[in-house]
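Pasting the structures here.
You will see chain A twice below: alongside chain B first, and alongside chain C after that.
Then we have the complex of A and B:
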């Protein structure tokens, strides 16, 4: 079942067009920076973007900061929202369930497929950004390494290791989005409604994060710790918010996947 | 499993995930049997105790935003996240954490390096006696040291304990007795083992919520490693030397005048031996900075746009919580900037004392 879903994902033209579109923005930003040599003013713009003019190897992180707040969650919400509701809308869900496949297994296969999409997207964005960064913006002196957020030196190995951790953290954040969208996909009958519902949750979270009056809710909002991957580049690493981010996303995944399973396992399928 | 059973399992999971942390937090903190005087002595005795941790401050003071004072405005008017390592008064590091960067203060042997990731610069400066407030002044142990100066056991009472950074911390309330004070009271909670202050709330008169709060969210009383307070600058980072730290330091060094020994009924601090006057002690303090017209005019304009501004005979005044600000003079005149945790009447009286008692130095050049 998982293999079928993965084959569908990889062979789908929509998958690659979506990844291409997500990848296009940071690539365009990289080219513009290289051509104009005009970075954002320090303290403004996405994380690490002001630093990439002197060190292109940081561009994968800047690209992550560019796509993480909006582009990537939209793509994940659309893809995960389509998982069950898309089959229902096309009228293929009941045929799918006629096969001797448990509904829980189908749900797991859909989730794995969405996660592979997230991993593919993040890796393509990071790899493209690395190539664009090194070719167009240049790399740091191999003998001196990159500069951490705290001003100390990071060796190439340290930078690579922390970048991998940051990418894994971003993937986990997107798993939380996927769990919400997958749950909604089992509730509604159109993928658009599931995607919009998920985006509604994320927009609400983002707005509440700017509101002092919502202070008491903020530690529990799904987008609260998304940008905490920056803390991996402080010296020493500040694990506090990263740990909380991992825990929070874990809770969202467990709760919403549980709800999706509870709703879908014996749901009447009419489409 | 039936549909009801599955939803019940999910609901139980949610209950566990949400309910357990809430239930743990709802357990009231234990309150050690320690008197106000004993706790005050423990806090005073902790001044040299090392510590490290993660600190959050929350300021509700709506101060004017002017280039020379923008850091002060954000420190007292916004929330600030910091992590700090304190091996001693002369060996510490305090990082102000920003979403996509940080500004660090690293202090050794009377010298402080300020590293700004977003500005991509490091500045080395000596620590002057007179300067504007900075992040390191607002971590609970440092702020408490300043607030509790000249306080004795008769000035404090015990309040209920509170759980701070996982520690059941006994509390103290301090109410200033000086007639010039604008602070209504200060609540402080300290680590019962070491006496290190963990949380401080500053209240203005008549305000139900604190005007300023600083607290540890993570705390360790262990001595931080030597490397924690180092600044091993990456190759390529140039450390520039600053002769002047900020506008208060500049005025103190170069303004050719000396303020009087006493203003608004408050005596001048012994550390105040230049052109800037620092008056009072503890909760009732006032700073008087002489300003040239090119510095005073834009500040006066900003003060004029601040809600609640009052145009008095002695100058332009605003108040934010317990903090009063008065800028004397008019456009093109320069003036004295007076700011502190004192009443408006005290600021006006101090402005008069400065006008009458300032000594102007002869220009020998």
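Then we have the complex of A and C:
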């Protein structure tokens, strides 16, 4: 079933349009930086963006930092929200279930397909950004490694390792979003409602994070530790928030996937 | 092939299906009739494990449903409430995806089975255009092709000729009868009485969630022992067959007789002019309406 879901993902035009749109923003930023040569001062703006003017190979990291907080979660909410509700709306859900595809298997296949979509998007963004960075932006210092957020210098190897960690962390955050959207997708009847519901949760979380009165809630909000992946580029790595983030996302994933399964496994399919 | 006992589905306080005992035998072409909203679709969905029954039991192909769905469903071809497909993909791709989704459809034979199924429903010449561009009739045929992909033992079809032109309806009817002759049991749900009357060997009639009738069609339509006579000389007939005339509607009389030939001879002998003389045959429509009315009175 997973193979079938992946085929559907690849055959869908929406997949590629979404990836193209997500890819366009960092590319635009890269071109603007190259043309104007005006980078944000170190410590301001999206992470790593100040460094890319001197070292273009860092641009993939900067591009991901641009895409991760906003574009990617929206894409995940739309894709995962479509998972069950979209099939139901098209009428294809009933034909899948009487084929028969086990309901649990279908949920798992949908989740895997969403995560593959995330990985695919990240890879495309990183690859494009690398090309843009090397071609258009500065290429000094490329061999001596990069400067960590704390000011010390990181070898290329260290940088690669930490980038992998950061990507894994971002994937987990997106898995949390996917779990919420997948749950809503088993509850509501239209994919739009599931996607909007998920975005509603994320926006609420983001707003509450800026509100001092919501202090007690903040450690439990889904977006609270999203940007903690920056801490992975400090010297030494500041694990505290990353660990909390992993734990929190883990709880969200377990709770919402559990709820999605409990709801879907016993649901009357009437559409 | 299908047997339910006391099958009931309640949505909140509404009872959609109320204790029905279906019995579909091997080799039947079973017509499942009922007005819109009578619970037909809910019943079909329960048979296939899409909707879970509130109470009662279901056996399909001799196995309990939905518990044995993994073994039973691959042997069933079905169409529930119209066909559905991924609109951006071609018909062939759609069939390939459906076939690859579950058990009972080998990969090596897939392309061949798809072409066979398309040919059976008259879609073999179809090009690569996406299903989005299909007409209603083509979608219906594609849905049927999907049901036929794995040569099922049982076909469960909901309004299979919906959206087809008369020519197409005839083709599909012949296809289903051919399949039945080859051993496939067909369970056909429809509100089109004429369609059921032409194809089915057994009928079940659902009215407001209750199964009000279930019998062989031939038995339901057996001769009633009455003759219908149309004549301008109504008074003459009434005099001749006093006590045997059971009904009158204008120049039409219903007469109970043992032997139609004797009736004819006596009418001719009495010099009565006869415009029409035929044994009474009840249409399925009359039978269904009567069954539904009786059940209405019971409430």
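One rule holds for everything that comes next: the second predicted complex is superposed on the first by the 264 of 271 C-alpha atoms of A that agree within 3 Å, B and C clash if a C-alpha of one lies under 4 Å from a C-alpha of the other, contacts with A are read in each partner's own complex, and residues count from 1 in each chain.
Convention: a residue touches a chain if its C-beta (ideal position, glycine included) is under 8 Å from a C-beta of that chain, and two chains touch if they have at least 3 such contacts.
Small disclaimer: the values here were computed from a predicted structure and weren't measured.
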{"item": "Fit or clash - chain C, chain B, common chain A", "value": "fit"}
{"item": "Touching partner for A:156 - first (chain B), second (chain C), both, neither", "value": "neither"}
{"item": "Touched partner set for A:266, first chain B, second chain C, both or neither", "value": "both"}
{"item": "Angular separation of chain B and chain C about chain A, which is computed from CA centres of the superposed model and rounded to the nearest 10 °", "value": "140"}
{"item": "Which of chain B and chain C A:90 touches, first, second, both or neither", "value": "second"}
{"item": "Which superposed partner A:3 touches (first chain B, second chain C, both, neither)", "value": "second"}
{"item": "Which partner reaches more residues of chain A (counting touched residues only), chain B or chain C", "value": "B"}
{"item": "Touched partner set for A:11, first chain B, second chain C, both or neither", "value": "second"}
{"item": "Which superposed partner A:104 touches (first chain B, second chain C, both, neither)", "value": "neither"}
{"item": "After fitting on chain A: smallest Cα gap, chain B-chain C, Å", "value": "11"}
{"item": "Contacts on chain A seen with chain B and repeated with chain C across the two complexes", "value": "266"}
{"item": "Chain B residues touching chain A - in the complex, by the definition given at the top", "value": "1-3, 6-7, 9-10, 13-14, 17, 54, 83, 95, 97-102, 104, 115-120, 122, 217-218, 228, 231-237"}
{"item": "Chain C residues touching chain A - in the complex, by the definition given at the top", "value": "45, 48-52, 69-70, 73-74, 76, 78, 80-89, 93, 97-98, 100-103, 146"}
{"item": "Touching residues (chain side chain A, partner chain B) in the complex", "value": "42-43, 46-48, 50-51, 65, 141, 143-154, 227, 230-231, 234, 236, 238, 240, 251, 254-255, 258-259, 261-262, 265-266"}
{"item": "Residues of chain A that touch chain C when the two form their complex", "value": "1, 3-4, 7-8, 11-13, 90-92, 94-102, 266, 268-270"}
